[in-house]
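First chain A sits with chain B, and in the next complex the same chain sits with chain C.
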Partner chain A sequence: MKTKINGTNGKIISLATSLGVCLALYICLVSSLTAALLILALGLGLIIYGERKDSIEQVYLSVEKNKPIVLGIIVLFVLVLPFLLHKNNYLLHVVVMAGIYAIVALGLNFQVGSTGMVNFAPAALFGAGAYVSAIAAVKFGISPWLGILLGMVGAALLGLIFGFPALKTRGYYLSLVTIALQIIFTQMIVNTAWLGGPNGIPGIPPYELAGFSFKQSLKILGLTIPYQINYIYLTFIFLGLTALAASRLYTSRTGLAWNAIEQDEIVAATQGINLTKEKLLAFALGAAFAGVAGALYAHYTSFIGYEDFDFSKSLILICMVLLGGMDNVSGVTLGAILLTIIDEKLRDFADYRMLMYSVILITILITRSQGLLPKRTRKYKEKSTGMPCVGQTVTMGGESSGSLKN
Partner chain B sequence: MEVLRTEALTINFGGLKAVNEVDFVIGDEVVGLIGPNGSGKTTFLNLVSGIYRATSGHVHFMQEDITDCAPHEVRSKGIARTFQTNRLCLNLSVLDNMLLGLHSRQKSTWWQAIFQPSRCQQELEDNIERCFEVLAHFNPELIDKRYEPVSKIPLIDRRRIEIARAIVGEPKLLLLDEPTAGLNTEETMEMIDDIGRLRESKMKVSIIIIEHDMAVISRISQRVVVLNAGRKIAEGTFEEVSQNEEVRTAYLGG
Partner chain C sequence: MELLMSQVINAIMLGCTYALVAIGFSLFFGVLDIVVFCAGDVAIVGAFAVAFLVSILGLFVALQGALPPMIATVIIVFVAALFTALLMALMYRLVIRPLEGRSELMPLLSTIAAGFALREIIGIFYPEGRNPQAFPQMLPEGVLAGNAMLSWRNIIIIIATLLIVGLLYWFVNKTKTGLSIQAVSQNREAAVMVGINWRFIVYITFIIGGVILGVGGFLVASYFDVIRFDMGSMYGLKGFCAAVVGGLGNVYGAIVGGLLIAFVEVFVSAFVPGGTAYAGVAAFLMVLLFMLFKPEGIIGEKTIEKV
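Entry: the complex of A and B
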């Protein structure tokens, strides 16, 4: 460390960082694919430069120290965003989807990033939340608000079931088992008439608050803003809550236990960590996140079908975690938002969409296997100093290059 | 006071009896476990710590049968261990490795982590203090390096951290599998002193130590148990054991 960060300096750094990230995301959103990729490359360049100069840790520290500033900027950005985009329903829709996928990715990260268990079925867990909440509303007239809770519990239970193979298998075997579970899930939906079968479930009611339907557009200051604005706010409130929960778990005893399991199961067990309990917990909690996101998705789109939750969706979700940076809450959130935007921009390519998508991903993962914001060593608030002190970014995590951790 | 007792402890790997009807007792003392390569020393520790399941025989710890306990249960009951090939979580920081050693003594749950963070913070701060105390016992410099990943720490300090991680949770029994492997003579003596001083501190920990270096064994252990081809062939003070005919041939022939 060459310079010690003092108060004002830290404030400026955190202000600049949060503004920069918000601005970059905004430009990615509104501009063409080429521009978005350029921004991504530029951002990555900055991160790598920061790591070389050892200043990335200062940025992390400033951000941690000045959380109110950073959160303030982000909240402001999300509040203002719908007004900037009010003429473009489609972009507003992309923002909602980015928020929803970010919640799923944060949950998936518990398994893939923290605990090192591959899970190729996150879309099934996401779908479980969506179907539970949708069926509850359409067939039983249960309030969509309660549906969020039901979707969360339903997905968590399915997550527990999905977690059982992880107790016995790892690596390739676990990959195969979770792929199979994903396929079973899709097939089960297609073949169950009660769940709408191949036709899906139409007419899912929107959320309502004191007589105000979320499908109604908002009129503020003479501007008419499409109904997506309601869902942007709703989704990002949930994203905020889940991100908070995820970062609290990360610094907790549970998060540390998950990391220990990822590193060495025998060592973890001999430190008193109950492998069965912790692995199932990583699946159930992650699935609960996916369930919440699924419920939001169902009542947002008002129609769900099996193809929203199939294997290719699972792959995209895994890529979000990989691209963002495993076990880094900000990284995963950023990765999910970026990939949602890029994925939507690729719609112009129609048939070549998946191909382009893969090319972009392969390029990113070859040049930067550890993701945008890689895993760091934890900093804790200590008794005497009161503030975390300077640590280091773990560089060796990248040795496992591109490939999935088993 | 008897801390650990095994009765006719046996494990079969295919046809090989890696540990064969071993009766072993340890009280409040340091017991050296020696024997030629492949005589079953590490396997014995794996049986005690629950990593391997015994084919037959029993393990009693503080009057309780723990033969069928899983590794994490054994740890929670108060048996901690280190590994022959230093096994730390290389990606994690020095402090995180230490905190892992306190896992079984922490009470906060995932639920509290999300909904009662201030309570967890309290526990965490106390735990960090505790980790610093133990690190200071081995090497105070490690406290300054607490946020560095262990992969950047030299071998001797890694060995120290591994023992510190085992001891931080105040176990009643500590199992050390060749804690000085890979260290030079000077470092070895330093390490042995550190281990010896553990017994002088307030926590009363019994230690089973596996060692190839006889100078180390004679210096640190009150009693020695000798294994050969999975069987216990002798036990007693270091002098008694080193006079034993069978032990001599085992080492020369082995």
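Entry: the complex of A and C
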């Protein structure tokens, strides 16, 4: 560390970082595709510069130290955002979708990022939550609020089933198995008339709170704001909760065990990590996240069909995790939001959309495959001094394995 | 009995088309240890190239004046296969080579994205590309021995597959380049040490694979009579499944796997009531079971991981 971060300095750094990220996201959202890509490139350039100069770690540290400031700015940004965009329903819709996909991506990150198990079926888990909640509401008249819970449990159960192959296979074989599961899921939905078949499920009721339907537009201070604002707040409350859960999991023993499995399964097993339990946990927890997001999605769009949850959606979700940065909660969230925005911007190009999407994807994969904010080296405070010891990695030999045992 | 026989022949034909793309997967996996996911799309590009040469440029009619139709067909398919071979080599250069040495997920994702791009390029640039296209029938009409299933088309599809497999067998086992391919797939470092130009061999493999995929695309299009720009994803996926079921990296396993998947699909849709809709599900379920209980495939060698 070249310069020691003192209190004020750190505060300024974290303030600038969070403001800069919020501003960049806002500009990405309202401007054209070219500008969005330029900002992405600029941000990437800044990150690379920071990595070269080794100052990115200082930014991380000061952000972690001044969490209240950063969180405050982000919360304020989300609160204000609908008012800035209140004339534009479409952009508000993009914000809701960004939040929903960020939740799914955070869940997917448990499998792909933390544990190193390729899962090509996140869209199926997402769809499971959506279908469970939608069917419960449309066919059985169960409250959508309860539907979130049902969707979560339903998706988690499906995630457990999807997790079983991961116990026996890995690498390409696991990716083939999950692709097969994803396609079986889509085809079963198309073939089952009770689930709406190829026509999907229309007329899913929106959320209601004490008689206030979330499909009503909001009137505040003489401004009429489209109904999406309700869903923005709802989605981002859930995103906040899931991000909190994800970062707590990352620092917990479970997250450490997942990382150990990612590095070497056999060594992890010899260190006393229960592979079966941890792998299934990664799938079930990730699926639960996807289920919550699916339930939100179903009641937000009020119509779901099989094409919302097919293989290409799975690919997009994987790319969100990959491009954001594996096993980095803020990276994954950022990646999901940015990719959703870029995806929506590409809609202007109609026919060329998927082509440009794949070209952008290949370019990013080749130029920066570790993602926007790559996986970080774990740091543990030494008990005696309370100073962070830099450069201590999660290797399964040596000190950090000792901390696993007790 | 009649029904059973015709379904068996149907399954063999479908299996042949799957086997060709599975051979492609196995060849690429052999030399590079990566899954090249755009193989199915490259094959469909081959089918569209044939359709372009015949329906739009009218090459078949032009050639027919001077040559017997069979030779004209072979020439056209050969031109299309050369195109797919170049495309495959380009794919290697553009989306696989820059990602060498990174995690195995990267080339998988980049080739999936490349497959998407190929599909979209067909959809955008081929005239009326988003609509299903009638595939020109160039294989002779008529049946053999009065049996409806033994039509010339079916026989030619099967014979062409056998011919390609035979040629591949000869090339891989009897020529120096083919032996080098085997050497590289067995052990890259050792192959480099005995003086094999590794990079050159990889390009050769991609070109050969591209030719096989191009012919496979022609055969699958002849089988279905209709081509769609997004056929490649399913075709590639089935081929990948066939390659894995047979044993990834093993060319003969790819043929067995292709036949197995085709048999499951055809028999489920023919003999299970209401099974047509579930044919794909059944095939993928079989792949799942294989992965769980015999992940090395039918012919593949069991790899033992050393700590």
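Assume the second predicted complex is superposed on the first by the 379 of 406 C-alpha atoms of A that agree within 3 Å, B and C clash if a C-alpha of one lies under 4 Å from a C-alpha of the other, contacts with A are read in each partner's own complex, and residues count from 1 in each chain.
Keep in mind that, in the parts below, a contact is a pair of C-beta atoms (placed from the backbone, for glycine too) under 8 Å apart; a residue touches a chain by one contact, two chains touch by 3 or more.
On a predicted model such as this, the values are computed, not experimentally measured, just so you know.
Engineer: Applying the touch criterion given at the start, work out whether A:354 contacts chain B, chain C, both or neither, answering first, second, both or neither.
Structural biologist: Only chain C; A:354 stays clear of chain B.
Engineer: With both complexes superposed on chain A, which partner does A:285 reach: first (chain B), second (chain C), both or neither?
Structural biologist: In the superposition, A:285 contacts chain B only.
Engineer: Could you look at A:180 and tell me whether it touches chain B, chain C, both or neither (first, second, both, neither)?
Structural biologist: Second partner only, chain C.
Engineer: Taking the superposition on A as described, I'd like to know which of chain B and chain C A:256 touches: first, second, both or neither.
Structural biologist: In the superposition, A:256 touches chain B alone.
Engineer: Determine, under the contact definition given at the top, whether A:9 touches first (chain B), second (chain C), both, or neither.
Structural biologist: A:9 sits against neither chain B nor chain C.
Engineer: On the A-aligned overlay, A:273 touches which partner chain: chain B = first, chain C = second, or both, or neither?
Structural biologist: Once the two structures are laid over each other on A, A:273 reaches chain B alone.
Engineer: Please work out whether A:213 is in contact with chain B alone, chain C alone, both, or neither, and reply first, second, both or neither.
Structural biologist: In the superposition, A:213 contacts neither chain B nor chain C.
Engineer: Using the touch definition from the top, say if A:224 reaches chain B (first), chain C (second), both or neither.
Structural biologist: neither
Engineer: On the A-aligned overlay, A:315 touches which partner chain: chain B = first, chain C = second, or both, or neither?
Structural biologist: Second partner only, chain C.
Engineer: For chain A, which residues lie in the overlap of the chain B contacts and the chain C contacts?
Structural biologist: Comparing the two interfaces on chain A, one with chain B and one with chain C, the shared residues are 266-267.
Engineer: Flag every residue of chain A that touches chain B in the complex, lowest number first.
Structural biologist: The touching residues are 245, 248-249, 251-257, 259-260, 263-264, 266-275, 281, 285, 375, 377-383, 388-392, 394, 396-397.
Engineer: Give the list of chain A residues in touch with chain C in this complex.
Structural biologist: 112, 118, 164-165, 168-169, 171-173, 175-177, 179-181, 183-184, 187-188, 190-191, 266-267, 311-312, 315, 318-319, 322, 351-352, 354-355, 357-359, 361-362, 365-366, 369
Engineer: Quick check: in the complex, which residue numbers of chain C touch chain A?
Structural biologist: Contact set of chain C toward chain A: 35, 94-95, 98-99, 102-106, 108-110, 112-114, 116-117, 119-121, 123-124, 233, 237, 240-241, 244, 248, 277-278, 280-281, 284-285, 287-288, 291-292, 295, 305, 307.
Engineer: Help me check something: in the complex, which residues belonging to chain B touch chain A?
Structural biologist: 49-51, 70-72, 74-76, 80-81, 83, 87-93, 95-96, 99-101, 103-106, 108-110, 113-114, 117, 120-121, 124-125, 128-129, 147-149, 151-152, 165, 169
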